[in-house]
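These are the structures, in structure tokens.
Both complexes below contain subunit A, partnered by subunit B and then by subunit C.
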Partner chain A sequence: MNFFDLKGLLQPLGAVKQLGKKPHTINYPYETKRTADRYRGLHYNDLEVCIGCGNCSTICQNAAIDMINIDGITAKNGDSGLRPRVDNGRCCWCALCVEVCPTGSLSLTKDYIYVTPDANAFLWTPGVSNPDAKNNISFTSDTNLSLSMYQRVPMRELDGMERVKSFAEVVLGYSEEEARAEAQRCISCGLCSNVCPDHMHIPEYINAIAQGNDNDALKIIYDNNPFPEMCGKVCTRRCEDVCAIQVRGEAVAIRWLKRYATETAPTAQKIKDIVNPIIAEPNGKTVGIIGAGPAGLTAAYYLALRGFDVTIYEAQSYAGGMTMFGIPKYRFPLDSVKKQVEYMESIGVKIKYNTKVGRDISFEEMHTAYDAIFVGIGFQKAWTLGIENEDIPGCIAAVDYLNIINRGDSFDVGKKVAVIGGGNVAIDGARVSARYGAEVTILYRRRISEMPADWEEIEGAEHEGVHIAIQTIPTRIIKGENGKVSGIEYLKAEMIADENGGRPRPVAIEGSETILECDTVIGAIGQEADYSWLPESFKAKIEIKRGMMIVTNEFNQTGDPKVFAGGDAVNKTADAISAIADGYMAVKGISKFLLGN
Partner chain B sequence: MEKETTLYIGPQHPGITGNMMVKLKVTGDTISSASTHVGYLHRAFEKLIERRNWLQSFTILCRFCVPEPDPMELTYARAVEEIEGREVPERAEYIRTIVMELARIQSFMLWYGGQSGSSGLYLVGQWSVGDRNYILDLFEDLTGGRVYHMYIWPGGVRRDLPEGWKDKALKTMDYLEKRLDEYDKLMFDSTIFQKRAQGVGIIPKDKAIEWGVVGAPLRGTGIKHDVRIDEPYCAYDKLNFIVPTQEGGDVWARALVRRQEIRQSISIIRQALDKMPAGEFYNKIPNPMKWSIPAGSAWVKTESVRGEVGFYVESDGSNKPRRVHVKGAAYTHGVTVLEKILVGQNIADVSFILNSLGVCPPEIER
Partner chain C sequence: MDNLQIENNILETIKTAFKVEGKVVREKRVEITAHKQLISSILLFAKNQHNYIHLNHITCVDWIEDGEFEINYIIWSPTTKNTLIIKTRISRENAQMENIDNIWDQANTYEREMREMYGIEFPGLIGEHEFILEDWDEMPPMRRDFDTLEYATKTFYQRPGREDAKDVREELTKQSGEEIPEFAKKYSREK
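What follows is the complex of A and B.
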């Protein structure tokens, strides 16, 4: 080839033929570029759907997303009240934030041009900065594409027909593999900790389980809950109601994971070995505790760790309170109660069983003998149904019934049982009766969706053959020829919308009287505290309103500064975890009161 | 005796993508020695990856090298999959293959611009970069991004092909194939380009392996080496294509190899679109915040646009990589090879030779 190769010189000139053709790169008149349907442009956030979990902020490898307060959005249960703000100067539009958004509120839009002279405006609050962008959303994640794991690892249970044959524990617990898999679903947002009455360190212990550090998990759990195995089995778990994953899927099984962690320590000694608590030197102060329920035991445990000399007075022969006597053993086995109480005793908690304050020792005596007193008496007295023949044989309150069964005594319920109520206690009464071979019907005033009981409990009861008669209002108990219960009469009810916006009310339909034959009627419509043991002088000092003891500060101190109180008798939620929280706060209060710290 | 002078080319984009400097000792117009100086855009990516969880890193990987983000994503994903033992659905393998070849084409379109532009033929670059936009349109429809796709991640790909994408891709391939003939007339048929490219920047065949030459420069010396054939990954073993080679080892040979490879890539994309099975495109990873990979390590190679790229990934069993080390083409080409082959060349050919080696400074400095 030489330099004057004619072809080589002329060929490039062929480009001239492109003159006059429609250009590829620039269009006249100007046309807006078509943007792809999954374009990753500026962020948009549906502020109503967003719950401020902060997962977007966590995954952002550029640290471009901050969670900030926004006018008009306040924190509530299941919503931190915070919303993401994106620093467009740092964002690389990878959209990982969208992929991990558990609610699907965050998306990217087709908008990609943003010009402003205000440098601060590059701090972009999706949804606030571009409220109209909802119609321009492009990169989104549905539950199939999202990296959140919406399916819960199912819990293995005894078969419905198998379990009614005995009081064997129904829930079998997670295996190690199942627990690791379930723990992996947690995104550590901490919304759960906020609603937990005891503010347990949920993300932390789940994280430990996910990483295979079961001992760490147990240690973290014992930091503010000395009764975790009970919680792991029967907690009302409000944490799961607000789990970020449950917005579009099934909540992380927080309760079952706690249960798993506690089951890794099968004996009290093992718990002690793992938790390895630091027990302070005795500080010379004494605290008397009334009632060995969750509140009293919690107070006792943490007080003992802080060097207080603690003695619990318990009227029954076992510790555990309502969790021991009110919860059937197929949910919370006796061994489990014993193990946890034994552990507490091993670190110095003294429990005087069969010692009822007001009978075996007077309150005044205690008041003089101890530097501080914690009252955790719980709800012992059942509410009466207020209908005819309630006092005849065959009619019993659920708490009394469960108490008899859990004590190991027997109670003949006959062949047919009617349970009145819709809470966990009613379901417990029904499921226990089913275990005695009875045909059980629950009468509830409202609809199943409105039952306060756990959905798992309701489902469990149904699997065991319990029939739930909804929208029924009992009117009288029918006395048979032998003077015992022979049936119950009820009216059917219709649901009437509440004018004030409350939940619909059941209103009896006239003439709809129906009779249900039964041998036993179990009433489970609520309980209250019994204060008959308390001297009048103290009742006046320790204010009691509508059956509840009034505490004057966050430390659960009562009108008598020396007396602290907690548990069902103090807080309306009446569940074990609230009682534990009360006990824990009272420890801080007592410590402050007696030691000044 | 003429006086020896020191001359600096760069560090502002010395005819290639990114900042680096070539320090030359010249006598007249002839280079007597050359040394590569880097350090202008070190971002400590390999270290940053150690602080990020297994998924977060993939947004950094694509930034190793602007003209070819996808091979980095793929190689990392394959390494992670190998350590973890994660299966990749067959459809995802095909989609990955298509993405890799689209990446190859778009990168070569940029190369057209650089290679011809550094010899004064600017029109080729204007055309090829304009036509490259059609590939970027395909990427945008598929991945949501034009340049940084962040699309291939461990377990598969992020999204399935959108509706109508296959037809659009096929049409674009038809269009590009026709355009390649136009480029030939402007570039390969041009005497100017021929004169500039032939016999310039020669890599001796007997030294190529020793110097660590890979990709088109290696194949330009007549050595047939291509990871896609030698150690097939994705769906390459199910597709028919040839690995073009040229003798000579000069800029001209390297350009011819790339010219032929674009046509092979178009063929691969057509075949892959045709043979692609239906089904899943993603074997989903667990919650990325808690995703741990069992302890182990993997050394995985991919034929990137500029040649073999290898990732050494090590896991200590936690949710973050213990170490990610990248061996790319740019380091050997930009440092070892360049310093050797520039000796005796003309100053005016430095950028031209740099382009033909496919040097990418951001990939040298990870």
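What follows is the complex of A and C.
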């Protein structure tokens, strides 16, 4: 070998040919590789979207998720105020929690590196501990491909044009199979129970239905609602508005499931057999109740169960109050009312029909005769329209009209009907008239989206051929030659934005007078209570403000400690379930007042 | 021309040869359901006669309600770029299935996994019984009657600092004052 090895010296220079080429080695500074699109890294929770239903915590197979209170988040309707905290030491990143998150707030991110010497630092609250991770989300849930079921089992109904031929019930109810399938969609969080005025045990009875135990479901329902078939058919169901599933899908059909459970007991005797209520021994105390509406009946039922001697005074010939006389029979059939009242009577509730307090018995007499009194008078008196000629034949208040029809009498509405108002009562008046073959127009001051009626009712009316004339302000009723209604004059309105930030107001357009020919005008702009039964001497104690009876505590006690009140005349929501809740709370109050417990 | 001609052809061929049920799921995907004794013959037939030379997966589903496991062999042909899924059901009791690692070597891995995770025996299967799980003496964990939550709770201790956890239903009833009757509580959500 030569001392001077030219080849050996020059060969390393061959590496020069690689100059300018992309190196195969790792770059410096280090570049991170792109993580896979659906990578399941550390959790992130959008705290604003999360409603604290706890479904993530329930599904976790590693018991790694807790629901905790965190600063700055408080409970409200439809939000428990709790948020998930994850123990990353236990998590296996299966992402079931993300899959079942009904709101989609929980997701997994592309972050997967977290190094710390402190083992307890692995316990963290997604969204609070890692707010920046929202820009790095990778694994999210998809409502189309999910373990949760976002679509409701559809309810079968009579066809629109079939419905107007009779007063047959429109909604046909779930079959057993449909009810089980629908009940299984519930995630049992209980957000619904919180907004229910009566706090019914919704997750429990739905779960009982899902498991095939209808009797248990009915028993749970009767725990604090003695009028559930009515609620199952016509409740305003605020529960469904906050259902966790409705955030991204259709709310669980809570109302229809309750209806299903109640329909499994077709007679009063059957209800009694299933509910099998424990009736306490008579305790010697008597309670008088004014009005057999939902509030009065509820109070009566639970008082009777607790051993009180209860008598209801009802001015009409049927019990049920507004649910009996105000709701058309295609929504709430007579048999349903009868069955439930019969059941209540069977456990000892006494009802004196056709007995009006203030006419057939004075309030003073009642006050002396009973140890406590519950007032559930409701809103019976319709507001007047306040326009010319509203007292002529052919002009009637919707509540009076519905009352006449529901008690089985007849009222000739003629060929054309105008209904004034936009609430459920107005829609009821319109749909009943449509069933008598009339051509119906609803006159409403605002837009359809602002109608207080249930959207299902509005849609139902439209399917039945009811015309809704929006932004119309009635000005006078026109008297025909025979002295009866021959038409109604109205002004068209335009919506003017409210300067104070309220909802837009309808303002009449001058010169836009239009005349709608009609034979009947039905007014449905609201109702109020009638206090003619209440003697002046009591008004000092039992306060009435703006037409509402004032109660002084959660037990619905009035200024006169012996007198309790509930229902439309007391609460602002004026629906049946609130009335039931009032009745239920009054029972607790009366027990406390008379028995001290 | 019918778009699904290739799919229909292979389906008809296998149906005629083995008298089995099947359907074209969609383009490039055919599904066959067969008795477990026919599986190796169908796989060999598809591999040798129709060039389904690639074994994608063997998967298992626990149909606990029916008392059966479903085993799915997913194979693929590079000529037609078609996937063939061959399904069979076996009893959950003493679950046994024919070993097919003589058709595809890599089936050995899937079968060992199924043996460990579902407790399905493959007579003649060579390979360590311990596959992924270490010192496992519980029920095979992928069986649906295995309670993962219970196992995790008893096996792994709870980290301190989690005592403030709340039950959502309980918290909500506190907020509203709702009183759930005792007999109804069995229907409340599990804590």
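Following the convention adopted for this analysis, the second predicted complex is superposed on the first by the 559 of 597 C-alpha atoms of A that agree within 3 Å, B and C clash if a C-alpha of one lies under 4 Å from a C-alpha of the other, contacts with A are read in each partner's own complex, and residues count from 1 in each chain.
By our rule, a contact is a pair of C-beta atoms (placed from the backbone, for glycine too) under 8 Å apart; a residue touches a chain by one contact, two chains touch by 3 or more.
Not measured: the values here are computed from a predicted model.
Chemist: For A:T58, using the defined touch cut-off, is the partner it touches subunit B, subunit C, both, or neither? Pick first, second, both or neither.
Modeler: So A:T58 meets both subunit B and subunit C here.
Chemist: Applying the touch criterion given at the start, work out whether A:S537 contacts subunit B, subunit C, both or neither, answering first, second, both or neither.
Modeler: neither
Chemist: Just subunit B (first), just subunit C (second), both, or neither: which does A:Q11 touch?
Modeler: Touch status of A:Q11: first partner only.
Chemist: Looking at A:A95 after the superposition, I want to know if it touches subunit B, subunit C, both of them or none. Which is it: first, second, both, neither?
Modeler: So A:A95 only meets subunit B here.
Chemist: Quick one: is A:H24 in contact with subunit B, with subunit C, with both, or with neither? Answer first, second, both or neither.
Modeler: A:H24: touches subunit B, not subunit C.
Chemist: After the superposition on A, what does A:S346 contact: first (subunit B), second (subunit C), both or neither?
Modeler: In the superposition, A:S346 touches no partner, neither subunit B nor subunit C.
Chemist: May I ask you to decide whether A:N207 touches subunit B, subunit C, both, or neither, giving the answer as first, second, both or neither?
Modeler: So A:N207 meets both subunit B and subunit C here.
Chemist: Let me test your reading of the model: by the given contact rule, A:R38 touches which partner, first (subunit B), second (subunit C), both or neither?
Modeler: first
Chemist: For A:A183, select first, second, both or neither according to whether it touches subunit B, subunit C, the two together, or no partner.
Modeler: first
Chemist: Across the two complexes, what residues of subunit A are contacted by subunit B and by subunit C?
Modeler: After superposing on chain A, subunit A residues 58, 61-62, 187-188, 207, 211 contact both subunit B and subunit C.
Chemist: Using the touch rule from the top, collect the residues of subunit A that touch subunit C in their complex.
Modeler: 52-54, 57-58, 60-63, 66-69, 75, 80-82, 85, 87, 89-90, 119-120, 122-123, 187-191, 193-194, 199, 201, 203-205, 207-208, 211, 216, 219-220, 223
Chemist: Taking the touch rule as given, give the residues of subunit C at its contact with subunit A in the complex, in rising order.
Modeler: Those residues of subunit C that touch subunit A are 148-149, 152-153, 156, 158-162, 164-169, 171-173, 175-178, 180-181, 183-185, 187-190.
Chemist: For subunit A, which residues are in contact with subunit B within the complex?
Modeler: Per the touch definition, subunit A meets subunit B at residues 1, 3, 5, 7-9, 11-12, 14-15, 24-25, 35-40, 55, 58-59, 61-62, 92-96, 99-100, 108, 138-139, 145, 147-149, 181, 183-188, 207, 210-211.
Chemist: Give every residue of subunit B touching subunit A within the complex, in rising order.
Modeler: 52, 55-60, 121, 123, 130-131, 133, 137, 140-141, 143-145, 148, 150, 158-159, 162, 182, 185-186, 189-192, 194-195, 284-292
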